[in-house]
Amino acid sequence: MQSFLPAAWAPAIAGALAILLIVVIALILRKIANRLITRVVRRASSSSGGSIAGRLRGKQTTTLEGLDAVAAERRRQRAETIGSVLRPVASIVILGTAALTVLDRLSIPIAPLLTSVGIVGVAVGFGAQELVKDFIAGMFMLLEDQYGVGDVIDAGAAVGTVEAVTLRITQLRDVDGRVWYVRNGTITRVGNESQGWSRATVDVPVAYASDIPAVRDLLKDVVEDMWNEPTYRSVMVEEPQVWGIEQISDTAIVFRISAKTIPARQAEIARELRIRIKSALDRASIAIAG
Amino acid sequence: MQSFLPAAWAPAIAGALAILLIVVIALILRKIANRLITRVVRRASSSSGGSIAGRLRGKQTTTLEGLDAVAAERRRQRAETIGSVLRPVASIVILGTAALTVLDRLSIPIAPLLTSVGIVGVAVGFGAQELVKDFIAGMFMLLEDQYGVGDVIDAGAAVGTVEAVTLRITQLRDVDGRVWYVRNGTITRVGNESQGWSRATVDVPVAYASDIPAVRDLLKDVVEDMWNEPTYRSVMVEEPQVWGIEQISDTAIVFRISAKTIPARQAEIARELRIRIKSALDRASIAIAG
Amino acid sequence: MQSFLPAAWAPAIAGALAILLIVVIALILRKIANRLITRVVRRASSSSGGSIAGRLRGKQTTTLEGLDAVAAERRRQRAETIGSVLRPVASIVILGTAALTVLDRLSIPIAPLLTSVGIVGVAVGFGAQELVKDFIAGMFMLLEDQYGVGDVIDAGAAVGTVEAVTLRITQLRDVDGRVWYVRNGTITRVGNESQGWSRATVDVPVAYASDIPAVRDLLKDVVEDMWNEPTYRSVMVEEPQVWGIEQISDTAIVFRISAKTIPARQAEIARELRIRIKSALDRASIAIAG
Amino acid sequence: MQSFLPAAWAPAIAGALAILLIVVIALILRKIANRLITRVVRRASSSSGGSIAGRLRGKQTTTLEGLDAVAAERRRQRAETIGSVLRPVASIVILGTAALTVLDRLSIPIAPLLTSVGIVGVAVGFGAQELVKDFIAGMFMLLEDQYGVGDVIDAGAAVGTVEAVTLRITQLRDVDGRVWYVRNGTITRVGNESQGWSRATVDVPVAYASDIPAVRDLLKDVVEDMWNEPTYRSVMVEEPQVWGIEQISDTAIVFRISAKTIPARQAEIARELRIRIKSALDRASIAIAG
Amino acid sequence: MQSFLPAAWAPAIAGALAILLIVVIALILRKIANRLITRVVRRASSSSGGSIAGRLRGKQTTTLEGLDAVAAERRRQRAETIGSVLRPVASIVILGTAALTVLDRLSIPIAPLLTSVGIVGVAVGFGAQELVKDFIAGMFMLLEDQYGVGDVIDAGAAVGTVEAVTLRITQLRDVDGRVWYVRNGTITRVGNESQGWSRATVDVPVAYASDIPAVRDLLKDVVEDMWNEPTYRSVMVEEPQVWGIEQISDTAIVFRISAKTIPARQAEIARELRIRIKSALDRASIAIAG
Amino acid sequence: MQSFLPAAWAPAIAGALAILLIVVIALILRKIANRLITRVVRRASSSSGGSIAGRLRGKQTTTLEGLDAVAAERRRQRAETIGSVLRPVASIVILGTAALTVLDRLSIPIAPLLTSVGIVGVAVGFGAQELVKDFIAGMFMLLEDQYGVGDVIDAGAAVGTVEAVTLRITQLRDVDGRVWYVRNGTITRVGNESQGWSRATVDVPVAYASDIPAVRDLLKDVVEDMWNEPTYRSVMVEEPQVWGIEQISDTAIVFRISAKTIPARQAEIARELRIRIKSALDRASIAIAG
Amino acid sequence: MQSFLPAAWAPAIAGALAILLIVVIALILRKIANRLITRVVRRASSSSGGSIAGRLRGKQTTTLEGLDAVAAERRRQRAETIGSVLRPVASIVILGTAALTVLDRLSIPIAPLLTSVGIVGVAVGFGAQELVKDFIAGMFMLLEDQYGVGDVIDAGAAVGTVEAVTLRITQLRDVDGRVWYVRNGTITRVGNESQGWSRATVDVPVAYASDIPAVRDLLKDVVEDMWNEPTYRSVMVEEPQVWGIEQISDTAIVFRISAKTIPARQAEIARELRIRIKSALDRASIAIAG
């Protein structure tokens, strides 16, 4: 090991220059890394989902206008959120390396430092796995634009309207007003109910003794009437369909009606369909069976 | 390896100076680290949830006044709790490193020490994973202000009113008076029922033979009457809604009524609604069906 | 350790040449690796599934014509997707090695760099396991051509039509219009309903007192009539079969009818069968039993 | 490597002195560590739960007198139990380090020893994870005073009265007399039924046709009568409340009555309430419905 | 570290010879390894299951003739599949070692290379665990000949006919025509329905009031008649047995009949038995009870 | 590295003496370790459960006499079983260390040996985790005397009478005569039904219309009669109690009777209670309701 | 590092002798290891289960004669199976160590070899964990003789008759003829139905109105008659017992009869009991209730 106080000046000056060089290079590298991150993240989040998904999503942009500005803002926010996590990580790596190199240059032993940091680091590292998992999951979720504030999603642990999205957690409000904080890493699959269209499915149980063709025609009339009303047509994507006998259950013959609606309006349409069908069956004296 | 007792005085003095320097630097670094932690934690906990969440939460501050002082106190406590864990960790790292460097300077072999500590450390480290997980989960929960003392939460393992929050555990009291101690790391998602509003949902099963429009009007009258009473209006956020036929069940036509209330008052409103609806249906001689 | 500023020129020139050599070799190796990856991936994805599976799949190519162009396009896209992940990995390994070798050649200490990268790497590595798992699962799924855009699959977490496939996630839309994002690594088994044929199974519960042979003949007549109609024959693979008494249940004798159809048409055939059977039983006055 | 038999006496004496010094320092350090552990544990267990929890628990100390001596004894035992585990761990680390340093001083190779211990250690270490987890869980449970001997707890795996608590296991006796040994590390959440108060909840199903206001008044009379009897008042915390219609079930209108009692007396109060309500309903000829 | 350009020729020639030797040895070792793998795999797959299983399986070879050629072909394919995975692994180990030794001989630093490969390797290694698991599971499954193309198996995740078997996945087609891709490593137990024999089990519920001995005799007559018909005898292994009262259920006395058939024909026999029993009971006016 | 064949005799003799010393010390250490293990284990198993548990268990020793000899024998066997595992482990560590030290002394390279053992060791180590877990669980189970041969326990995986206990597995026989082999490490909690007392709980459902006080008195008479009979009194710990209305179920008012018995006799007492209650209710013409 | 081509002959000869010595020692060690394994395994498998279990199992050897020869053969096969796995492992360790030592002696660098093997080894090692687990589980299962070919076992994943046992898997055939391959490592507990005795349990539900003592006597008569018949007595271990009222169920008073039989004959005895009881109840006009 070299002495702590150098004997001659020549190596000291060389050393000082080397340290200066290291610091300058580190600062330049950090600047480059930050720019790179900004550019990569921006590009990645603007082309989210890639070509195949892009074409499919292309269709649904026609259903609601004026979404472009919202989408652009969302994209900008996403790029910022991801960058705000990646940038400090890059800085820590570059500056930490520079610091260690300088210490090494100065002949200061870095083994004790590494030992201390290592022991604490391993202890924390195991426990922090889940944290890293959450951040990685959140990053990809944002990059792939799986959902955003305002979407109704099924995150497994909870179902509701997204109120906030961070890299670590997703915050939902369910139908009872409960606010759910779900860690992104625990969401293995997510269902988004606010993309493209939704389907209202109404099952109508009629008694075994009912006249099947008559019931079928009656149901067809009900859905046709509803399709012809502008109020409902504006929230439906196509004319509702009577799918026939879905099941011969324990107690009834079950007919199924399917109606494609714009996102998040299916419950409303289903309720209206149920009221109209009940009235029509009553008028035709066809018994509903449990 | 150098001799244990140094032959000449010059290196001894140089060594003593070096050790002194190490100790002084360590103490200064520790002071800086503590200040830094205090500042970072305070800033993080005062801007909890960030911009997107902030705007959404902004709305709900109007429902209950005088919360500002409570929130400030809560924020201060949170910052203190988190700091009380991070500060000793920083101290251990800095002082440990200093101690090892001094030992190394004195030519005392530190390998045996590291070996002993390492063996015990690994043995404990594996088992302590969950502990670290709990602390990390607790820290983020506090930083994001997911819930506080007095909130009614659903922590998965238990549902109840929060009685105490530490970095390791959350203490709840459920409706039967049972006190639950839940480790923060085991809470993968949490539902807070005390933020913004709650919804009371009342299902009314009526017999198949009932007159649907009449039932609908009757239910509308009931909720309107209730909305017009100041006692109930003060705990409701908007006029209750009759959502129509939610389900054609095995034995009945089920109507659903929804009422948005201020947090934690939904059960009360639901019970009042049920009594009023039952009386109204009795008066109108409409049969309830199981 | 050598001095940072070399004393004589000879080793400096030798060093510069060595560095040049390293860089040139690295660039050549990278080019070779990229070509190799392209070729291997293309070959692997064109012979997906291998000989045994190939022969079995051979049969089903007769059911739908004109699929060759689609399949070729799909194959090309798969090769591209996989290559786009493998190529950067190879580049990182080769260029990283070259960079480290050059640094080493220049007598710049690389230990501090490795330490910084290592600590961050381990911290991230644990959390990134799942990410790697997703990519590996996605790669094999693509290579084995388990499913493609447009197929109806059961991915465990969700069932629906594939809308997009990336190396990390599979995007489905279920029957209610919900869009599901499922991580490939969480799909331990996948069921594809769009390969070869599907089967419609219809259970007919008749009362205990029914005349068994009569019911059997009646059901046989129904399926024969249907098989003779060109509309339905075109979507069926073979004549539907009456399998006999499948079960003596709590309340009925249950007959089972099985009809092989072309993929994704089974629900339609099953509904038509149910309507026809119900009518036939009504005509023959045979009671259905729950 | 130095020769095993030293040639001259001077270094031998120096070595002997060094060894003596090591042993003395180790013994002093051990003494200090033991004292430190005793003090820290005692302080930690006397301020269990900290400020927030303390204030809440403060209320419940009024419900039962004479608990102070019991609590002090419990606290002392807890401190002792925790200390009895931490002290040997500290001793092993300090004495092990000293032993290795001495061996190293004597130029005896310690690598073989470390290898043997290491191989056995790793083999055992993996399997002992759960053991360490149990001890850590037990230590925190004791420090936080989550439950003690005599409390009725729900430990997930078993519900019953605590008969013994060690750092590794909790021993319960359930209502059937079965003795349960539950490892502390497997208790992710624990519910303590013996803190503060318990609630007796009685559901009363009455027929649809019942006169709702009459039933309500009748129930109110029953609970008021009971509250006025000193025998029952002494075990209740506040007057029982009639909460109204909790549910319109399949077969009945369900009223709910809630009574806060002192801990562990809720079952008794609930049974008495049921008998009185049944008699009152019989007297008023109101039909109970399943 | 030696100079990159050697000063004298003697060591250079010695080095070149050493490198040549290394390459030659490596190629020879690889050839030997490949041959060894081929031989071991072939021997292992021809004696699949070993002595105990062999004797048991010996019996069932009498049930179906002409299987020898099929089995031999299957065995050859299995050996090939396993060899095609083991051979590249052996090549990578041997050639990689040779390459590293040559680099080392040439005084080229290999640490940077190992570092780069190591970091990527660990990152991928964690995620690839499942992949290795799948391959190992697949290898043993093939060696033990647990199932082959055409067998009907229950793989837990899916039940159906095996369509293809690779080292990584098993491809099944279930009864509804769905094609399942199941990773071999996720199959913890597998049930093969196509080995030796299958059993048809038919439960006959008769009313409490039935004459027990009469029902027993009647059932015995039915199975005897069926056993005497050549069509059914050819698919049955032994005469069906009436096992007596299996259960006194909620609503009926349940008789059980058991019939051993050749593999995969049990459903057919069970259906025929049910039809015959129903007719016989009708003739004897014995009531079936749910 | 020293030459393999020593040039002069002096170091050889010194070396031989050193080796002799190492062997002698190792043998002495081993003897000491064995004695220590014997003493520690014996002391630990004689004071099983410690002070708190001891006092509680103290009560139950009065219920059955002559248990002292059995307990002493059990304790001796436990100490022997645990010692038989710990002793070889200690021997392996001590002798292995000695062997490595001797090899090192003889200048024989031990790195290759460690490498071979290490590779096999890691491969086996991962898989052997569960084995070590089983042994550790078994050791603590024995030390804490959780159960012994003859006890009826609920081990989660199986319930039955303990037939044998080893450090790795517990062997039970359930009520159907099935013998269960349960790995100790998989038993996270165990319930012992043979310690102290058991409780027989009998629920008596009576019709809604029953006279509640009359039923109560009748039940009290039944249990008093039974308590007065010496045959039953000898197996009961205290007089059975009538707990009142436990539940107002769908179809009945349910009374609960509780009887504390000596261990494992509760089923017998419960059956006798049911027969006597049924007869008493019949005599009093009170209807039982499902 | 020594030169590859030695300058003088003396060290070369010394080296050659050393290598020869290493090889000879390795071969001798291997022989010793193999013998040791054979002896240890044989001893371990002949004293399977140890003293406590031995005494208990002693009783059941009286139930079936001529089992000694079978048991001896089984024991021999077990020893052979275990030895066939342990022997190659020992050989690999000893020969691998020798090979590495020889390479090291020849001054051939072994680091590259270890690196290659290490990288592949770790990659495979993680995936092979389960394989090692299976082998360890299989080894202990064989040593403890938990079950053998022909026993009926409940392995959790499947229940059936054991057809083959290897160190990795257990092969069962269930009652439907399905052949199950279960990995030994996935069997956490196993129930063996073929050891000692089995119990037939028959529940007899009679109507509430039945005369309890009369039913009891009638049941006692039935079991006594059956016990007196030699055909049934030979398969029963003791006289069947009438246990009294097991349950007052929703619809009936349930009596329970218990009969201990020799292993695997309980179903037969239970069916005969049911037929006899039904006839006896019919004769006595006592109604069975669901």
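Letters A, B, C, D, E, F and G mark the chains in the order given here, with residues in each chain numbered from 1 onward.
We take it that contacts are C-beta pairs under 8 Å (C-beta built on N, C-alpha and C of every residue); 3 or more make two chains touch, one makes a residue touch a chain.
Chain-to-protein mapping (UniProt): A, B, C, D, E, F, G = Small conductance mechanosensitive channel.
Since the structure is predicted, the reported quantities are computational estimates derived from the model, not experimental observations.
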### Task
List every chain that touches both subunit B and subunit D.
none
### Task
Averaged over CA atoms, how far is the centre of subunit D from the centre of subunit G? Could you give it in whole Å?
39
### Task
Round to the nearest whole Å and give the separation of the Cα centres of subunit B and subunit E.
49
### Query
Which subunit B residues touch at least two other chains?
117, 126, 128, 130-131, 251
### Task
With chains as vertices and touches as edges, which is it: line, ring, star, complete or other?
ring
### Summary
Ordered round the ring starting at subunit A and going to subunit B, the chains are A, B, D, F, G, E, C
### Query
What does subunit E use to touch subunit C in their complex?
3-5, 77, 109, 111-113, 115-117, 119-120, 122-124, 126-128, 130-131, 149, 157-158, 163-166, 168-169, 171, 173-183, 186, 203-205, 251, 267, 271-272, 274-275, 278-279, 282, 287-288, 290
### Task
Quick one: which bits of subunit E touch subunit G in the complex? Just the residue numbers, please.
14, 18, 49-50, 52-53, 56, 89, 92-93, 96-97, 100-101, 103-104, 110, 114, 117-118, 121, 125-126, 128-133, 135-137, 140-141, 144, 146, 154, 185, 188-193, 195-199, 201, 208, 212-213, 216, 243-246, 248-251, 253, 260, 263, 266
